[in-house]
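Two complexes follow with subunit A in common, the first pairing it with subunit B and the second with subunit C.
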Partner chain A sequence: MSDNKKTPANPLKSGPNRRAVLAGGAALTASLFTPKFLRAQDFPTAAVNTTGLAVTDDTVTIGILHSITGTMAISETGSVQAEKLAIEQINAQGGILGRKIEFIQEDGASDWPTFAEKARKLLVNDKVASVMGCWTSASRKAVLPVFEQNNGMLYYPTFYEGLEQSPNVIYTGQEATQQIIAGLDWVNRTKGAKSFYLLGSDYIWPRTSNKIARKHIENFMEGCEVVGEEYYPLGHTQFNSVINKIRLKKPDVIYAIVVGGSNVAFYKQLKAAGIDMTKEAPLLLTISVTEDEIRGIGGENIEGAYACMKYFQSLKNENNRAFVAAFKEMWGDDMVIGDVTQAAYLGPWLWKAAVEKAGSFDVDKVREASPGIELPTAPEGYVKIHENHHLWSKTRVGRAQADGQYEVVYETEDLVEPNPFPEGYQ
Partner chain B sequence: MFSGYSMSELGAIFAMQGFAGLILFSVFVLMALGLAIIFGQMGVINMAHGEFMILGAYVTYMVSHVFQTWLPGLFGLYFFVAMILAFIAAGLLGMAVEWAMIRHLYKRPLDTLLATWGLSLILQQIYRSVFGAREVGVTIPDWMMGSLPLTDLIEIPINGIFVMVLTVAISAAVYVMMFRSRWGQQVRAINQNRVMAGAVGIDTERTDRLTFGIGCGVAGVAGAAFTMIGSTGPTSGQLYIVDTFLVVVFGGAASLLGTIASAFTISQAQSIMEFFLSGSMAKVLTLLAVVGILMLRPQGLFALKLRK
Partner chain C sequence: MKKQRLFELDEALGFALLAAVIFVLFPAILDDFRLNLFGKYLTYAFVAVGLVLCWGAGGILSLGQGVFFGLGGYCMAMFLKLEASTPENTAIQSTPGIPDFMDWNQITALPIWWQPFHSLGFTILAILAVPAIFAFILGTAMFRRRVGGVYFAIITQAVAAIMTILVIGQQGYTGGVNGITDLRTLLGWDIRPDSAKVTLYFVNGILLFACLFVAQAVRKSKAGRILIAMRTAEDRVRFSGYDVASFKVFVFCLGAAFASIGGAMFTLQVGFMSPTLVGIVPSIEMVIFCAVGGRMSLLGAVYGALLVNWAKTTFSESFPELWLLGLGGLFIAVVMAFPNGLAGLYQDFVRPHLGFLHRERARAPAADQSPAE
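On to the complex of A and B.
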């Protein structure tokens, strides 16, 4: 699985016409002229669906399972929008194996038992062929037994702490080592950073991520040290004390993994305390602030901070230009697209590619076909599914601008291999 | 922890840390004052307090947009207009809620807990439907951001000073209204004996409605001020509700002075411990101490002396 060169598009995938489709009204024209237009009658339902999934002669039903009410609605709304866009685009191209995708959307309501209950409903009652869903690790952990028991397939979009690999999940976001190591190396190499202050909200993702960061800084980066590590309860809104501690320690880098409402409070107070991030003394590097979060924080409050993730809305490639245009056309001009939103967009496309490679909707066959699936049309650029169900992807560093967008300042040369169980980091 | 620092550096850090404690104190007082009026004086457990605050924050958000679009020249001053409108909006909503819901529950104080909790969920969903599920960014005028360099080493956040001044002003106003005005006298009379107060001719219904409205209005102003230091989203109110009740209960529910004293104790304890320990541990120790003290003194720090 070390072959990460770009390969030409699989002809089964949409090929040259995808951009025309994305451009909007040209959908019909595009499907008429698509050379490899798959027709449902070539794939009889009895053959492509041997396990009783919700597949008919002209439709296939999948599930969307996110929180549209409750605390997490803030974050998960973007994912739902991206998934619906992908489904619409796939349908405009003629669907999957000649079948239109229909979806059943359930609301996890930011409540983990509700997630499990709704997942069971989707798999057992609705017999959906796959599910795009979940956002927090807690919700994923809650639905995991349901998916494994009922042999469902979940496409999970969020960057997360790793330490998991289920046959019933495809992880379309980055796991922790992919996201963390490249950024730390970059800040050390180009900015000469030697001392780091680790800060996070107090739950599993920031703690695991900071553990990986600390191991990397102490064991693999010469002459570098961690001068402080701190966690604050979720929803904490007063950061003046820790800001004073940071002043006292004078680190080169503040490594921040603060999430949710705390995020807004942290950056506003950092700015109010006179720490100007554009001066880079100290420099701020985060892995938890996407364009979505900046809307709440305010671009002027985070200008100059660096973020390390795999996707930024400002990426300059053809795929991304088309994706951003289509997203805004569907959901409004004032929308912003963060890392997770893009990863959620990949879900339906990766599933489509796997189904077409397998020639079947059966979950077992889709799983078998998944490793090695390539998606050269991804907005982030080329991605490929690893045998461990995570994606090979590039890692990028962006610098926050006052207008709420990131300017990409660095990108890894090669795709970074996903390694959910990193040795030497646990 | 302090080796390798010069005395002046340490002095500067401690000065700034002391100031951080004072800011936290102001924030606690500001968010607890409205609840102290409603819970302390009326005995209504208002679980929707945080949502009234966020209403104030959303009003600020809308006013900032109005000024940006129509009056860009006066943008630096919009915050004062926003605070007044936040008071009015939250106050009116509070009076409507009192009329529709709370007044039927005065004889069943525990039921107000469930009713107002339901109200908080309804308000959250309304905010989500109207303003969207995502947090909104409130642009703060430039002069209110940034810090004031007192010396080379000591920098004081301007929004912290702003919150402190606002807290003093509102506390003074509430004190005057409560203890120097006729309305305050009536509120205290009703608090002590509702039936008797009615019998001597106090319009208890009107006073209750006004009290609840003022309590909610103060919450609205607090919410407007917190757009400077926190987030504005449908569920942001939840971030404040626990600390708010903690401050009011610890201080002694019926005493405004108790609320201020308890805000001071909790904020100083928390900010000092945050400096020497990790953030989560500071919170744990603060809560433990509060639980311990409330076990020894269930009525809170300050209690009204009443003949039972």
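On to the complex of A and C.
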């Protein structure tokens, strides 16, 4: 389309709108140099936004909803940073359907009712086209009815327990089976591990994950057994009794899903009790310690432990090198990037791809377009959205180094299929 | 002694003004979303009103009101959750017909103590009775032993901590950290759409006024005057032959029941209940609402709850990175500048100019000489 005046088919406008013409001119100039840019005037606002979302002729507004105060702030800050980086990069490439992304950031304050309140505010008042947000399962559960009722779209970055599949959420982290099964098989195959001691913080994610781990160990791994299973309240700092039990039972593997501040106490006390993880007797396998947590634990305290997740900062591929460099340039050289941070970075990109495939910002159309979306530029390599709104992704095992990074020692050959309702593991 | 009237003229006007603000002004100027938020703030006002009775009038500082708020909220949430967990809605679970979080925790049958919550009548009874009975046991145990002041505050705080740990630890029965979420209908009436939220806002307002009237009646009753006497000189009241502990237990139970009604209304309006509303931090926040409003004034408590929560929302929307500092500043400013809160402001600066409202008081000054009433 070449005629500028005809195209912005916004019924509210009468006569030539100087701003639209200017914006159109700018986009046209830009498009001469980089022909792959999508131009806003090719996608009139009235056509790409039929549900009253916050989309104008040259911007689209999305929400960022994480805790930046309270106990979860330390974990969620990385996600906020990654999302802002992705938005900035998308804008530098010309935005989405020729529109710059603007964002409204709200603070969930580590408080679940606040998450629900802010989610409602973003969807009802601000009419954001999508929301990048939440971290804990509790916050996701709190906002879920809000998203379903107001038909919003949430991109949720954390690895989590599964057992959920909402039409209004895209889960960019791994669900439990993706993260657990490959790691257990690996430790059994390459390290000959037969006995496992499961422990974790006491809430839904560690419990569900350990349930899946136990079922897999008992039903699908020949000659393997669980010799203990224990839970501790969030924030617990006294692990000496369980460490004594571990020494008594002598398991091959300590399978640890301790979260948050408890990690610091747990790994320091393990080390103080003389369990040297570099000797791998017992070997420690965790699914809850990313590079972010190691900053608090201290590399020297966790050196030799294995972690099983989908992303490590040390991944050696071009996408990841560029991502790490851009992240550090934007947020500082001392930053580390954990699994969830990378998953959060995928959110805006996956949304962009779905919007462009749908040719519309409407949530229903984006939802319909989402399954099958591929992202070959993902730092973790390549991901694809499954019918069930989770991602196909590889599972990797990393070995913690004294410098706080993981060395990748294993990755699955193929992408692992997400299976939030695993048969035989319930 | 002349029997006291329920309302002095300026108190009646204050009630009328609050009624106008809640029932006319807010619905007129706020959109549905904001109105729902104010409805949520008003649920905290129930707790603050209870605290005015306990703390302002009776001198009992409870740092555990979140427990009672939570008990009411959880009772309501259990009823709503059972209604939402029909076998059709939960067909995907390994045991259909039980709440989803039970299924996730490998529980295969509804626990016996959940069963009665199929009935709304029982639930409403439980909302009023469970916290009152709990407060009765707690209050009796402590006030009979003459535990008071700081020690009482510390114990209530410990109770709040225990309650949180209990709720989180028993996640198969309580939903744990996630709380009880995804509540949908009340006797088939969908509580999620905006129209329902508006209705709930008005129900909430009416219940709040019912509580305010009860509280006002208690304050103006003989019991209310004994409470104030106790706050000032407990031993003298005891030596005069009054059973101090009973009065304290009574007012503590009443405050607990108010908080519980607030909690139930919170669940209805917000659509879920979680342990973050039960613990120490929310309990202390509730005391702050009361302090900002003025711990001696029933109406001040309502305004305090509204102001603090409104400030919380506004600051956090405008300055997501710095809002906690702003809120902290507000608290410090209020405590430093107006130790008696909003109500103190009214007493010191507004009321002297409204002399025409209490001419009658001037004629009978002996009737109301208690400080800062």
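To be clear about the criterion, the second predicted complex is superposed on the first by the 391 of 426 C-alpha atoms of A that agree within 3 Å, B and C clash if a C-alpha of one lies under 4 Å from a C-alpha of the other, contacts with A are read in each partner's own complex, and residues count from 1 in each chain.
The definition used in the following text is that a contact is a pair of C-beta atoms (placed from the backbone, for glycine too) under 8 Å apart; a residue touches a chain by one contact, two chains touch by 3 or more.
For clarity, every value in this text was computed on a predicted model and none was experimentally measured.
Partners subunit B and subunit C, once the complexes are superposed on subunit A, both fit on it without clashing. Residue contacts after overlaying the shared chain place A:K328 against neither subunit B nor subunit C.
By the touch criterion defined above, A:K194 lies against neither subunit B nor subunit C after alignment on the C-alpha atoms of chain A. When the two complexes are overlaid on their common chain A, residue A:P113 makes contact with subunit C while staying clear of subunit B. In the superposed model, A:T69 makes contact with both subunit B and subunit C. Looking at the shared chain after the overlay, A:Q149 reaches subunit C, while subunit B stays out of its contact range. Shared-chain residue A:P233: touches subunit B and subunit C both. When the two structures are aligned on the shared chain, A:D202 is found in touch with subunit B and with subunit C.
In the overlay built on the shared chain, the residue A:K127 is in contact with neither subunit B nor subunit C.
Least inter-chain distance for subunit B and subunit C in the combined superposition, rounded to the nearest angstrom, is 5, based on C-alpha atoms. Touching of subunit A by both subunit B and subunit C, each in its own complex, is seen for residues 68-69, 202, 233. Looking at the complex, you find that subunit C touches subunit A at residues 31-33, 36-37, 40, 92, 94, 101, 104-106, 165, 168-169, 171, 176-179, 181-184, 192-193, 270-272, 274, 276-277, 313, 316-317, 320-321, 323-324.
Residues of subunit B that touch subunit A in their complex: 5, 9, 13, 16-17, 19-20, 23-24, 27, 125, 128, 132-140, 145-147, 149, 155, 157-160, 226, 228-236, 238-240, 271, 274-275, 278-280, 282-283.
Against subunit B, in their complex, subunit A makes its touches with residues 68-71, 73-74, 77, 202, 229-233, 235-238, 240-245, 247-248, 260-265, 268-269, 271-274, 292-301.
Considering their complex, residues 68-69, 105-107, 109, 111-114, 116-118, 120-121, 124-125, 136-138, 141-142, 144-146, 149, 161, 163, 202-204, 207-208, 211, 233-234, 421, 426 of subunit A touch subunit C.
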